[in-house]
Amino acid sequence: MVLELRPPEANDLEALRPLLPVFISYALSFVNLGIYWNNHHHLLQAAKVVDGRVLWANLLLLFWLSLFPFGTAWMGQTAFAPIPTAVYGVVLALAGVAYFILARALIAVDGQPPALATAIGSDRKGIISVLIYVTAVPIALFLPLVAFGLYIAVAVIWFVPDRRIERALQR
Amino acid sequence: MVLELRPPEANDLEALRPLLPVFISYALSFVNLGIYWNNHHHLLQAAKVVDGRVLWANLLLLFWLSLFPFGTAWMGQTAFAPIPTAVYGVVLALAGVAYFILARALIAVDGQPPALATAIGSDRKGIISVLIYVTAVPIALFLPLVAFGLYIAVAVIWFVPDRRIERALQR
Amino acid sequence: MVLELRPPEANDLEALRPLLPVFISYALSFVNLGIYWNNHHHLLQAAKVVDGRVLWANLLLLFWLSLFPFGTAWMGQTAFAPIPTAVYGVVLALAGVAYFILARALIAVDGQPPALATAIGSDRKGIISVLIYVTAVPIALFLPLVAFGLYIAVAVIWFVPDRRIERALQR
Amino acid sequence: MVLELRPPEANDLEALRPLLPVFISYALSFVNLGIYWNNHHHLLQAAKVVDGRVLWANLLLLFWLSLFPFGTAWMGQTAFAPIPTAVYGVVLALAGVAYFILARALIAVDGQPPALATAIGSDRKGIISVLIYVTAVPIALFLPLVAFGLYIAVAVIWFVPDRRIERALQR
């Protein structure tokens, strides 16, 4: 796991208080990475063939995911300051876009079983998530906690792994 | 491995003395993570099917395990101060509860071979461990070394991998 | 992922400015590691047998790749200063040489399918990359940004995974 | 890879000089970990059955290996000071002993193919390595560079992967 939670210098309960926003950021990023890990795994397992464009798209997704620890730590240690909370949202949005591109790239590969396209469908959940993130980023500049609430809302939407794929492929 | 042991600045034997509690914490967490890794591996191999609830439970377990480095480092660098030692116990207890939930979730999946439920049984060892941790946490606030002794006791109980599962499935 | 991007202390947009060269270095190294990971995976999958020399060559490649985070961080935090940018180029060149040696070592193993040698061929792309790196290192001492542009040029050349191997083995 | 090489603050060639011992320590540990990784992989692949004692022995080996980054960093940043160089040797010796125990534990498992015992044989190379380490540790307290030379000598002995196992099992 790439996320990190550094122990405080002091050894009393007071020392834990500034850790609270750090811990909350950590928990949200942990859940988000868990969701991506799961859905990514399902997506690649459902695909039978890949090509160069898929590898590009996959690397792009991994790039944005690799920035989660940065965004998480900055938002947490500044206790949800406006700019860091907005930057975190930008990273979330770009990861969401990259996942969408990856799914499209996989469907577009010659010889892909049509079940995959059926399973992913219009990917409404993915599009809605990105729209929420894009809405949340400017909000973060004025009301960062509201934006953070929107980030949590997206995680709740996604937490259940992508049943569409499982269902369509089990037939 | 996610645990970390930082080298001291000085280069004499004295420099190693404050590292002793850090090293002891590190060793206990290493053993605990090894035990979880082993039993988790056995548990998932024995299961034939998983569902959404299992994935939730698994993510929850991984979340608490991911906090072991934090708890270990804080307890070690404060040389078993009361609050950090109690916090470490809370993390251990919550990981224990999450493992218990994961086992239940796995048994409850439709189509799971009954051998798994037989193998896990009443999971007495898991319940006792959590009870010891829950007892140790308040003790840690007054006698942290006694609490730490209880944490070691649980590790000793668990060190042998879960033979029940192996045995029941080999039949 | 071994690369690391540390969050700034401050929480305003100004704090992001010194991060720009760090971020650009990070992105280039991410792409380079992704390319190596991909081609390395293809290369080893195409090989049917390995021997002691292959293991040596593989360890050598991993050694230079393991220095990417060091080179990346130094070049980034000094905002493309001459010496760090040259050192980064040296690491890139040595990784390129090690990859070349690994490919040769794999071809030379007794019992290797001839398709592998055909697929790798003269490895013109690998040789050109190393030549560009070797040219870029002295340039870095005077015009580090030009050298960095050359590093990017090599990444662009390599980004597409090694189709030669795929093509030759699919026949 | 768990080893770490931190970039210096300055950006000139001078800044690299204190990194030289750090880099040399890093390189030796990298090679040692590569050797263990290789031989460990061969050993476990050659074994058909494992038991609880094997898991204990394996965890013990991983424990000492997990201390390599600590020993490496301390020895490197103190430029081969006596105590850190001796401590590094102790870690190397204990990892060697743990590997020996693991091999014995694997042979002793009921139902293990006799080829494994034949392949490992008297494990002369392993015993000699530990003896060299045990000799080097007291030497390190007075002549640390001589001790370091002995550590390198052991790495050279081991670099070739354990052909005995491969050979005996290929028959």
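So that you can tell them apart, the chains are marked A, B, C and D in the order they are listed, and the count of residues begins at 1 in each.
We adopt the following convention: contacts are C-beta pairs under 8 Å (C-beta built on N, C-alpha and C of every residue); 3 or more make two chains touch, one makes a residue touch a chain.
The shown structure was predicted, so the numbers you read here are calculated from the model rather than taken from an experiment.
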**Request:** Starting at chain B, figure out the least number of steps needed to reach chain C through touching chains.
**Result:** 2
**Prompt:** What angle, rounded to the nearest 5°, describes the rotation that places the Cα atoms of chain A on chain C?
**Reply:** 90
**Message:** Using C-alpha centres only, name the chain that sits farthest from chain D.
**Reply:** A
**Message:** Suppose you list every residue number at the chain C-chain D interface; are over half of them used by both chains (same) or under half (different)?
**Reply:** different
**Complete:** Distance in whole angstrom between the CA centres of chain B and chain D is 28
**Fill in**
The distance between the C-alpha centres of chain A and chain D, rounded to whole Å, is 39
**Prompt:** Where in chain A do residues touch two or more other chains at once?
**Reply:** none
**Request:** Counting only chain pairs that touch, give me the topology of the graph as line, ring, star, complete or other.
**Result:** ring
**Request:** Any two chains that touch count here, so list every such pair.
**Result:** A-B, A-C, B-D, C-D
**Complete:** The residues of chain D that touch chain B in their complex are 2, 52, 55-56, 59, 62-63, 66-67, 69-70, 73-74, 77-78, 81-84, 87
**Message:** Quick check on the complex: what are the chain A residues that touch chain B?
**Reply:** 1, 3-8, 11-13, 15-16, 27, 30-31, 34, 38, 159-161, 163
